[in-house]
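Per-chain residue numbering starts at 1, and chain names A, B, C and D are given in the order in which the chains are listed.
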């Protein structure tokens, strides 16, 4: 089994991004008997994030592509069901680009379902006593664009069509919410545990 | 201009559904010089709601189909961007059916964008000092199924392909949240005003 | 029956304060057969608000003093049970004063209960289908200081000891939450209705 | 330094109470060089909880009494500023008693401030990257009654008047919110860390 997992760099005034922090730690303690795990850190850029990811897919030819990002106000680990062909956000991306509301691919389908076993992932996470649920919106910022682009690219490139891919949002780390009243969070250890649980579902030989 | 608008019957232990209440009142005060407005009340049924709506479309041949439903925890009026090819909910529909997680149409596309001018609708609503935003998830209950089915049917039936259709979620009425601490709501008058504002954007002769 | 009601001026970047707006409208439509209603607008000042109120109490010798203020994140109309002998807030008052955490009266009691029939008020408001509940914290900003000072002053001045006094917080107006996602609100009409309902409980001849 | 700390038994359909779980673990790893720490578990009873606590105070003659309880919807560790002379809740206590709205002590003061250094406690907790803030309402259930009774008893019994006492609310454990969408939580480790931080402020020889 060959897994390519991606996290993001910090964005929107944060100094840490739980997605990459957790994946980095997960890979440091990864048991190679379970397969190969490659973790990369992507810039929060509509254009660069998918481009860099696809370059790595072509090199590494993974069985699974698991993209992870931060969704600040969520309570639990939330695998995404669908990416939408739309980008729109008031905040800029890392290149200074503001998406005012436009299609990601002019002739692309409106929505693309994940090909990961997300229901099983949610069950595995909850078994570890960590909150989780399927999400039906990955937003319209870089996370959704990355998910859309990778699913679309796999569809377009038949040679890679057996790759299963998708996106998982994780909440803020507790240290990120000290001045954000009311928002939920998880500890880094809990996010690592939750992501590790999702990998248990993947078992292609 | 010929508008067909649908609201839902009450569900999930509620005795009122703001979607139909508001549309009914809107139609009672409708100025016929603006065009024709037909309002129907649909059962909260995965199967019946789309079937009854499509029968009315065939009879009335409207220019616009505006489906409205209640999304209890939302703050404002939220036109939906996309319907997904998925139904899943822990609560039953009006026929006693529980959707355990299945495609609405086995060979349908994963997601279908609304064809209504939802950004303009949001602007018009906010001009009336009523909270509004585009929503990127209509959920996976009957509301989403109705939206998916009508968009899919219009695509399949070329004769009707000039109909613009979509879905708008409205919050709880204030009277519905008396025992639901923390949840936002709008008054019936505000929901009527908000929906009326969305109709102002529609202007086909 | 002689009622003195107070609202506040706008604060913290708001351009309107629902407390005074609602009271002003209520007094404009007040039926004098119910008694005398005087409404005044107070500055959001730890020092001036109680001083001006007490001057008016001395002049008007009311039976009831109902102070009203805005508590932005609340869902309903919330009569306060207790004022605490503490002022502390990160935002300044209208005079530019920041309360860093100090007693309002060095030798005052820690807390003072309202003398208004707040449970009956809550019941009357809910009968009008408007959300309401007793609140057990009026915060530590000017609202609480005003409530503490008026209750303390009445206790100290035996001549006025038959005055019943207290504080009622009201939520944001809907127009105030257009750019505040998730927060609840009420329409001006609903806040007027809610405050009017609290006055129904007052019936001293 | 001699600390008496109390946690509660589980209540309201929960099978665990983070207050006692955390204190138990804290005491198991307690360094006796820091002083003596006694932890007891109290029933969620308006009558028994204060009675048992006061019996232990008389026996142990502690310098500090730190009562801890669960406040399910809170984000962080929240030391309480004030206890109010009021008990009222829709849920029963462990003895089946429902407090319909009544004074705790007929002739007691309306409110009583904690005598713990709660601001310093909040700072110490946040230094450990755990959310914390002063709370100005301990509610009107058993937690508040316990806090009120112990503060009142210390005031009445001059012999014990040098004891500093108060109450700290802690959020749900993460395992408690798996089926409570949106609510924040902390891990057991984080709650232990937070409570341990509050003890660092206590340093009486």
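Convention: contacts are C-beta pairs under 8 Å (C-beta built on N, C-alpha and C of every residue); 3 or more make two chains touch, one makes a residue touch a chain.
By chain, with names taken from UniProt: A, B, C, D = Pyroglutamyl-peptidase I.
Computed from a prediction, not measured in an experiment: that's the story for all the values here.
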Taking each chain's C-alpha mean as its centre, the one farthest from chain A (Pyroglutamyl-peptidase I): C
Distance between the centres, which are taken as Cα means, of chain C (Pyroglutamyl-peptidase I) and chain A (Pyroglutamyl-peptidase I), whole angstrom: 48
Distance from the mean Cα position of chain B (Pyroglutamyl-peptidase I) to that of chain A (Pyroglutamyl-peptidase I), given in whole angstrom: 31
Where chain A (Pyroglutamyl-peptidase I) and chain D (Pyroglutamyl-peptidase I) are represented by their mean Cα positions, the distance between them in whole Å: 40
Interface hub residues of chain B (Pyroglutamyl-peptidase I), defined as touching at least two other chains: none
Chain contact topology (line, ring, star, complete or other): ring
Contacting residues of chain D (Pyroglutamyl-peptidase I) [partner chain C (Pyroglutamyl-peptidase I), same complex]: 81-82, 84-86, 101, 109-113, 119, 136-137, 139-140
In the complex with chain A (Pyroglutamyl-peptidase I), residue positions of chain D (Pyroglutamyl-peptidase I) that touch it: 75, 126, 129-131, 133, 174-175, 177-178, 181-187, 189-190
